[in-house]
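Next come two complexes built around subunit A: one with subunit B, the other with subunit C.
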Partner chain A sequence: MKEKVLEILEEYCEEALTYDGDSMMEDGIIDSFTVINIVSELEEEFDIEIDAKYVVAENFKNKEAIIGLVERLLEE
Partner chain B sequence: MGKRFDRVVVVGYGKATGNVLKYIEEQRQAYGYQLEFIEHELHALSITRKICEERGIPYTSMPDKHELAAYLCSIMEKTLIVSASNNFLFPAVCVEKENITIINFHNALLPDYPGRNAPSWVIYQGERQTGITWHYVTAGIDEGNIIIQKRCAIGPEDKAYELTERLMDLACEGFAECFAAVLEERAQTISQGSILGRRMYRSTEVPGNGFFELSEEPEAIYRLLRSVDYGKNDIFPHMQTVVDGVRVEVIRYRKIVPEKKKDEENVIFLPLSGTHLLKIKYRIL
Partner chain C sequence: MQLLSYTFVLLWVITFALYYLVPQRRKWQILLAAGLVFYVIGLKGVPVSLFITCATTYACGIYLQKSLASQRKALADCTDKESKKAVKHGFEKQRKQVQILYFALNLGLLVFYKYTVVALPFLKDRGVPTGFFEKVIMPLGISFYTLTAIGYVVDVGREQCEAEQNPWKVLLFLSYFPAVTQGPFNRFAKLKEELEREHNFDYERMLRGIQRFVWGAFKKLVIADRIGLFVDNVFMSQAAEVPGSIFAVAVALYMLQLYADFSGYMDMALGVSETFDIVLPENFKRPYFSKSVAEFWRRWHITLGTWFKDYVMFSFVMSGTGRKITKAAKKKWAVMGRHAVPIMGTMLVWLFTGMWHGRTASYILWGIYYGLIMSISLVLEANYAVWKEKLHIRDGKVWGLFCMARTWLIVFLADVLIRSESLTQAGMIYRAFLTRLNVRALFSQTITSYGISKYGFLLLFAALFVWLMVSVWEERGKDVRACLAGWPMPARWCCYYGILLVVLITGIYGGGYDTAAFMYQSF
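Take a look at the complex of A and B:
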């Protein structure tokens, strides 16, 4: 799963792979439009529905947070 | 440079607002105005507050439209209000104040597609091009004189959020080109001409009335789905259709090559032109 998430990030936001901070939005690594693309790809790849309540900066602060979000949704 | 405006107030949200705000802040020293930002619509991924904090721009969150109207009407200095990606309608009493000038970014080529959600409507109507307009604000909606327009093509695969992003970038380009002329009150404007009877797109209107028949042309269904696609922003309700006599709503959709087709629950495939398929995942209502 992790590898697939990283592949998606590589496609839409390569900088996210090397980013080691804790706020990709505020640091200008990703913007809200990139998040839409990433969410769409994650939903399709893992056949999950990412509710709007999960689409917040905290869940997209770095690659680990995104992987954690997908893990939680797959467990639900 | 002369100081014509004492104060510049930016109202809006999102990427265009953030970039416009940065540009105005960069020009502040040359023109000597005070600058402030008001966030009227709050969004989960907004970074405008962060921009304000970093650059020392006074920031106020004012979600209540009555409070915002009262605040703007109370301004006494000569003020330019920049409305960028903003759905707040400025009341006539504010617009008509002599000390206040308001300019607004509209995400279509006025006088066409006035009102709300223009990127959706241009995609839904099958337009090949659209653009942005910066215009002076009058008491009517999207009626004021045009300051600058910029055009862009609409691609055959464009989704509403993708087009919106391009329009926001264009809005920033256009703003940088016209801001000095607006500040120095020498902008050459163009009247929108006769706008009587033009269609005004309301926030309550939904492309296709939110419904499609599976018997419709797949390309038209694809266009409808793309036209209302803002990701997780619930600007429109989920599109609905009927599958095997049961009402369903679309969860997501995607154009795929036939090799990617596989049996999945609650999924239908429609043939698009060429060899592609339109995959629609739905939820039974």
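Take a look at the complex of A and C:
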């Protein structure tokens, strides 16, 4: 799963792979369009539904947070 | 009530004294009382619509929280995935209906107050009795507290914050007086955390708050209101008689006026709040250093942009309709299809942003203009690297300056729309740029015949230079107030008193030393 998430990130926002901070959205690494595209790809890839309530800075603060979000939604 | 008035300063001083005198558990009540006094004096009446918004927001929050608790209980009793899905769907449907009712009521109030003025002439033309409508006054800060309240309700529904059990605290959240008229937009969870933590008097912090307030007053009185004299005169002149170059200077100065006025207010609001040890979110991060329009809007009125992104853009894109459109578009156009919904969301956000800012067709056009620019950038983004490579463009200072200038030009063209008195005038100004620029008018007596003398311009440029230096300092990550605090005492206090004297002596005041209203207050 982790590799697939990283692949999607690489396709839409390569910078996210090397980013080591914890506020990717505020730091302008990832904008709302990229978030939308990543969400759409993750939903398709893992057959999950990422509701708007999960699209918050906390869940997209870095690549680990995105992986964590997918893990949680897969467990639900 | 203006933030720059004797009444406000008196209210601030009294609130400040009481705030640090009462015990911790009573501090929020002092702020609430101050908010209501601010509101009642400002409105010269009882804030009925604020109370309606507060009551419905409180009730909706409580309902949503109870519904979510019942849903969790019901889900725990379910054994299979299908029944879980059905239970969840049932509860979600109920919550959605209540939320729609809530949004309709509060947005209805906002639209009613905001558009009554626009509707009056039409109603009069059609012979409809308008006696009642003529008495309608737009409540102070309704555009701000309505969106703040909606954000709270959405957050409770999304389980991003707990519903507040005390209605008076909801009222404080909506009417926190430094932010009630022009923002910043607060998030309930964040403001609650700020209000409920321990606050003790701190001399240095008080000083920092006052410094920020005075700096805001400097931007408002010395820069924004001085520019206002020139800009108002130019735009009130017969458009056909004003050279294009004078209009160009007026629009460029208007860009700075709007920024100085709004960010000046923010400095004052955040400074006042800082004296109460309550940190409000920043609303500006030196937007004119932006290298793209998207970046500009990430740095300008940040809390409004975040509000629209979180509550309109993401709500639309992640909705059932948004998902269906995405699926269909991707099926039809494999590569470009993924842009369909973000583009629709962007246009929607900018249309609403335009309507939120103003009541005229110019604002709607202004919104559509930015929506189109953002959408075009989104579609072309993938090609930028290739084009730069082909044109042998390297990243560096020159390219950075070019990108900044490009952003200024886009904002400049948009500001013609919102500053013009009408769309006809805007059209004439665009034409004047192209057909009768007459650059010589800038170096003749003409430029000083619009309300600012030669010395007025010199003073303005000196003030702008100081502001630019401070901005460059901040852009490099420096905390200017902390740097000043490190100076030797005589130099430090000379600087503080110097700025204060400049504000008092060179600020633009009306009769009786009142100040012009803040520009964003009318949005």
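Following the convention adopted for this analysis, the second predicted complex is superposed on the first by the 76 of 76 C-alpha atoms of A that agree within 3 Å, B and C clash if a C-alpha of one lies under 4 Å from a C-alpha of the other, contacts with A are read in each partner's own complex, and residues count from 1 in each chain.
By definition in this document, a contact is a pair of C-beta atoms (placed from the backbone, for glycine too) under 8 Å apart; a residue touches a chain by one contact, two chains touch by 3 or more.
Worth saying up front: this structure is predicted, and the values here are computed from it rather than measured.
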So in the superposed three-chain picture, is A:V56 touching just subunit B, just subunit C, both, or none of them (first/second/both/neither)?
both
Looking at A:E10, would you say it contacts subunit B, subunit C, both, or neither? Reply first, second, both or neither.
neither
With the two structures laid over each other on chain A, which partner does A:S32 touch: subunit B (first), subunit C (second), both, or neither?
both
Which chain, subunit B or subunit C, is in touch with more residues of subunit A?
B
Using the touch definition from the top, say if A:D47 reaches subunit B (first), subunit C (second), both or neither.
first
Residue by residue on subunit A, keep only those touching subunit B in one complex and subunit C in the other, then list them.
31-33, 36, 39-40, 50-52, 55-56
Quick one: which bits of subunit C touch subunit A in the complex? Just the residue numbers, please.
157-160, 294-295, 298, 309-310, 313-315, 317-319, 326, 338, 341-342, 345, 378
Per the contact definition, I'd like the list of subunit B residues that touch subunit A in the complex.
14-15, 43-47, 50, 161-162, 164-165, 230-234, 251-252, 254, 264
Using the touch definition from the top, list the residues of subunit A that touch subunit B in their complex.
25-26, 31-33, 35-36, 39-40, 43-44, 47, 49-52, 55-57, 60
Using the touch rule from the top, collect the residues of subunit A that touch subunit C in their complex.
28, 31-33, 36-37, 39-40, 50-53, 55-56
